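Each of the next two complexes has chain A plus one more chain, namely chain B in the first and chain C in the second.
The block that comes next holds the complex of A and B.
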């Protein structure tokens, strides 16, 4: 965990430093050669896009690849899971497992892969385009896309929680008074997706606490960690971009801070989207574990 | 300190060149454009060698922390643009506006060619985002 934070710190902090130094460089060149100012800005944007935004692009492609492979996995594993559910008969009635929810999780991943992530990429490119050519701004467009995406993701998660509460029996041990302050803290401090994060984490938590009885705490913890690592990485990177933007605002051009800020926002939405994937992954993993356990204990 | 000394020298030199040009304009007005051009280019050469190049090297060394070609590219193309602008203005003052425009255009194309690799990298990154 520590080493992975250090890796992110390393890559993003070095881009931090690069942005700061290069804006100093641009300041000096602007002072010496004022007639070249337009192109100094252009080269600075070039530098920022090719070097500094590399971690952001990497995250986007990472989440895209994960979504792709998980949706492939679902499509291949789904018939087997349903077949074995039918084979195991009434054993699942005990747990209020709903086959529809598995299908729903699958659908959410396909939606993510086919619609949400391409739209997010479009928002990112709109942002870059409107910064490179300020006379043709698409900033409202990309804002619209981001808010729409966030709405879609929240709707999907809300549907999940309907499924789970309709299932009844599961309740989250942590959702009591103890976790309220932490939830409030996250809600207040993570911009854009704070309340969404607490809600979806609560939903996943409610679900997995019901499964703890069957799968054991350590297994659940490891599944959680695996599923949430990409999301947490994305979240941290998004924070670093926004901090960089805040730090260089006094002396950098508005374009550069604007690009970093927009990329930060896009990464927050990407984090929200990756929660959908994490949720589906957790659900399927727990489902398979419980299935295997039921089959082995029945024999 | 080296830069400081050469700077003083260049300033004194500029004043001397200025006086020389005034004397030429007074004594041989017919030869003035020719002599002006030669003295201008000599002074420019001196300026580039004594001030611009050392500054450029210092600048690149100062921003060594940046990924490699960017500092060199920026200062190189800015200096190139500036010199081209100076020469263009000089030719224009002599009355050959179209020639000046042509030389400036050629230098601009050279600068863009210098950036070609970086621009290709940018386009590649953006296109990997779009295509799967």
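The block that comes next holds the complex of A and C.
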């Protein structure tokens, strides 16, 4: 766990240290050569963009690559899954699974890869353009893209929960006194996507608590961990952007903190998008496990 | 030319970078004269891109 945090710290923090030092240097240059202020601002913005955009784009490509490989995996695995569903016959009717859900999961992944992540990149570029040239702003456009994406992702997750509850066999075991404070904590402290996170985690939990009977708690936990690592990584990076913005706000120029804040916001939405991938992965993994378990025990 | 090729976004980025560089070179008074031209360029680029995206292929 410590080394996991350290890898994130290593790549992200080094670029943020550069941002902090360079904004301080710009302060000094402004003090020494006041007539040079316009150039200092522009050079500082260009420097910050080149340094700071790299982790953000790394995460965008990371999530896009994961989406691509998972959609390829689904294409190869679904014929086998469907065939074994037919082969298992009556044993499978017990669980009341929805085969259409598999198609839906793959559709969500393709949507992520083809539409959501390019749109997020567009939002990032609009933000940068409006910061570089404040007289030609695109802030409304990027805000609109972000809120629309968040709406689309929440709609997809809500449809997942409809699918799962329509199945009828899954029950929600985690919602007790224990998880309520944690949910409230997440909802209050993660900006923009906090309530979305608790809702979607609740939906996945509702599904996997039904599957625990078949698969066992540790297996479920490991699947959850594998599926949620990219999301957590993205979330931590987004927080680093906002923390850096908060740290340098007193002495840096408004443009720099604005850029950091905007990139942080976009990464929060990216985290929400990565939940879609995690969702599809968890669903398919549990589905395969239960299928194998059923086939082996019913024989 | 389609949106997914990224030409629209690179055009916007290019206009932004070019005009901000030119604005750096000019003095404060010429900036006021030059800014409407930048807005004009951006408007032409956006409207043209919209026409290409949603218009007829021969347009």
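As a convention for this text, the second predicted complex is superposed on the first by the 296 of 299 C-alpha atoms of A that agree within 3 Å, B and C clash if a C-alpha of one lies under 4 Å from a C-alpha of the other, contacts with A are read in each partner's own complex, and residues count from 1 in each chain.
Quick note on the criterion: a residue touches a chain if its C-beta (ideal position, glycine included) is under 8 Å from a C-beta of that chain, and two chains touch if they have at least 3 such contacts.
Predicted, not measured: the structure shown is a model, and the values here were computed from it.
Contacts of A:296 after superposition: neither chain B nor chain C is touched. Of the two partner chains, chain B is the only one that A:28 touches; chain C does not reach it. Touch counts on chain A: comparing chain C and chain B, the chain ahead is B.
In the superposition on chain A, A:125 makes contact with both chain B and chain C. When the shared chain is aligned, chain C comes close enough to touch A:133, but chain B does not.
In the superposition on chain A, A:38 contacts chain C only, with no contact to chain B. Of the two partner chains, chain B is the only one touched by A:57; chain C is not. In the superposition on chain A, A:18 contacts chain B only, with no contact to chain C.
Applying the stated contact rule after C-alpha superposition, one finds that A:49 touches chain B and leaves chain C untouched. Once both structures are placed on chain A, chain A residues 39, 121, 125, 128 are touched by chain B and, in the other complex, by chain C.
Interface residues of chain A, counted against chain B in their complex, comprise 17-18, 21-22, 25-26, 28-29, 32-33, 35-36, 39-40, 43, 46-47, 49-51, 54, 57, 60-61, 64, 121, 124-125, 128.
For chain C in complex with chain A, the touching residues are 4, 9, 12-13, 16-17, 19-21, 23-24, 35, 38-39, 42. If you check the complex, the residues on chain A that touch chain C are 38-39, 42, 118, 121-122, 125-126, 128-129, 132-133, 135-136, 138.
The touching residues of chain B, when paired with chain A in their complex, are 59, 63, 65-67, 70-71, 73-75, 77-79, 81-82, 85, 111, 115, 118-119, 121-122, 125-126, 128-130, 132.
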